């Protein structure tokens, strides 16, 4: 067994994908915390154990993500955006032309050409508004698990508008909405809409339809609906959208 | 690899000598056209610049003289050999212009060189040059066409007997080249009044007046006389046939205006966004190319082949 | 009992220490580089002490302070002065000027205000030449008063017409050039002679020639863009003759290209000025595998818009040529008719052979910000890859910038 491993050391989570070259054999993730390398190695150890394989089976470890330099002696490295483009293109069966990735601290819009090569991209600057971090913060204030966001937002009665996507300002806004008795469902729906607006601003005028959404927050159907509503186009999500970058690293890392 | 290519194309060191080469060439041409006859050199009767026939022992004849005289419209005998000669020299002239274009003005004209000498003295003295505004240039262009018409139509009128004989070579008789160029072989007789009759007196007075005015003008304005010269217009009229042309790459131009500042003819149109910048008053002296700080923005093309280009170091 | 004065003094002291550390760390980094050569030492020494006083000592001339470079340097030099550009890329200095002025002021002007407060460059009480370029520059005296500077310098304004392709504007600018000459003559108490002006033009021409060679070396990989930027940054810190000599010396001594250079993707760098010690981006370019082969920064290539060719050597002729060079020839985005700026990039393409353009905007630098969109459209239409980076002097966006630059590098390979 020739095991090729893709490792994506993100700001919020570390994701690992095991492949035999083409097929995904195993995937796993773990929250990012200090000592990224040992967390990553432990995660890979879990994978090997579950597959019943020994370390010798590993042919190569391709590393990407903001923490890629924290991983000593990687087999190969890739930048996150190229890895994202390659990973999603392959997993979508060569159909993707445009990707919106919502990560822990950033939001990216990626354009691919017909052959799946990265042609252009946009990325928010250092401000973390409208990113995964913002979701986490909101979940904490609302005392709700992120997994329930999609279901809850569907149940919202009224459509509310949040004034801010800024993580700092939104916090106080949510607190005061809660204090005034606004139902959580409505707040969550408003959160999704505000992130969709932010994505729309980053996308601008150019668009290749349909849009593929990935990154951790893509698992949230409420967000997908909000994006479709805002962008007026179809938004597609793969089954495990948070692993596309790690998978892509295997394809493009050098 | 890319860098070596650049070096051969721009000839960085050698090419910056272009103006020195031109200066040398102008002097060589001056010697040939003024003194050539004394050494058995004669370039014929269709030289497209001021190779003045009134200079004893000159090395070629200015085509303007031929055009007025026995090989032009002013043919006094309508015999077949004369017609053939006129036609033949016209073909030679067209070929010479078609190949070298305005380079005759900037590189070969002896009268142009005299003007450049005066400018050099002015520069040494630190006297500022006067600029001819685009509006004034328009008026001068009209004047230039008027002079060309005068040149072309007086001779037939003389032949037809409408104008008196003394109007023969009407342009030469008021051309400052005729007054000044013979001075270089010690001939001073054209620098005086000719009191034979009213016409000769009038023409010789006009010549003295124009010569004096031109000398002053030439001192304060580079190539002042060129702005009046019928050759400038005549060669320009043959532009569609000309192989040598000033070509601009509009998307390499940053609009800095250095070209127009350097241009002795004050051609502001060089700054415009178009490929053909071979303006009617251009004398192809290539000073704009020397001043231009952009690679390839201004180029001299010969039969479609780029022979000189502007570069950051100065052409 | 701590007084306000005490506090202010200690604040300035701390900022001065931070500034020194900022510059010192960068100098150490530069000296520790693999491609360090002893010939760089001259430029490092200049940058180490970027003050007007040190520049006067080195050049033996009285310094005239300027900010933007539309005042003809040759004229200042011919009047016997040393043009000294007040410029700063110091994060510590920019952090000093935060209170009492708009939050949107660009980091460069903020840093200049900080430097004025520290008076490191001995800025107050000496004449400045200030062409009216962007809004922040025009409001600099007002802002320096707001930030509580004890004494303001004397400003000689040059009203820079914002139209270049207009005869009337050119005439007005010519008037400003004559006014500058009067001002310089009054300050120096002797006339600017024709011979002095000609000599100055020649001296700056030689500097332009030397810099041109250095540009070629950078494009061919013999000189890294980081060092190139340093050399340009040091230009105003010594007599032009000394600087030129050192540049020529450096150029001759440059090593052969390093083997690794081939792996870099060639880019054109456009945008706001990069000033020492704000070398964040140049280092990130290296890390991401990008090699700046040409640029249009007013702190780098645009210091010399090419050699000045003088057709008319009278004072009038030279001044009008210089006036054109510094006005019509200026590609600063503050001009209303700056549509040919893109040509400076496209025109360099065949010779410098780059595949993409990186446009960096200093936050708050509105004219550059706006023009980046115009350029993006035009350059993409010419099949050049384009990326726009908006940043300031703080290091906090380093990771974000690097992620983008690495991906940008990947798009260049695809091209």
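Note that the chains are named A, B and C in the order they appear, and that numbering of residues resets to 1 at the start of each chain.
Everything that follows uses one rule, which is that a contact is a pair of C-beta atoms (placed from the backbone, for glycine too) under 8 Å apart; a residue touches a chain by one contact, two chains touch by 3 or more.
Quick caveat: nothing in here was measured; it's all calculated off a predicted structure.
Asks: What shortest step count links chain A and chain B in the network of chain contacts?
Replies: Between chain A and chain B, the shortest chain-hopping route counts 2.
Asks: Find the chain most remote from chain A, comparing centres computed as mean CA coordinates.
Replies: B
Asks: What is the distance in Å between the mean C-alpha positions of chain A and chain B?
Replies: 73
Asks: Measuring centre to centre with CA averages, how many angstrom lie between chain B and chain C?
Replies: Their C-alpha centroids are separated by 45 Å.
Asks: Find the geometric centre of each of chain A and chain C from their Cα atoms only, then give the gap between the two centres in Å, rounded to an integer.
Replies: Here the centre of chain C sits 41 Å away from the centre of chain A.
Asks: What does chain A use to touch chain C in their complex?
Replies: Those residues of chain A that touch chain C are 66, 79-82, 106, 113, 117-121, 123, 125-126, 252.
Asks: Name, in rising order, each residue of chain B that touches chain C in their complex.
Replies: Counting only chain B, the residues touching chain C are 2-3, 6, 122-123, 126-129, 222, 249-258, 260-264, 271, 287, 290-297, 312-314.
Asks: Please give the residue numbers of chain C that touch chain B in the complex, ascending.
Replies: Against chain B, chain C makes touches at 164-165, 194, 209, 212, 215-216, 219-220, 305-309, 311-317, 320-321, 324-325, 328-329, 331, 340-344, 346-348, 350-351, 353.
Asks: For the complex, which residues does chain C have touching chain A?
Replies: 385, 390-391, 396-397, 399-400, 403-404, 406-411, 414
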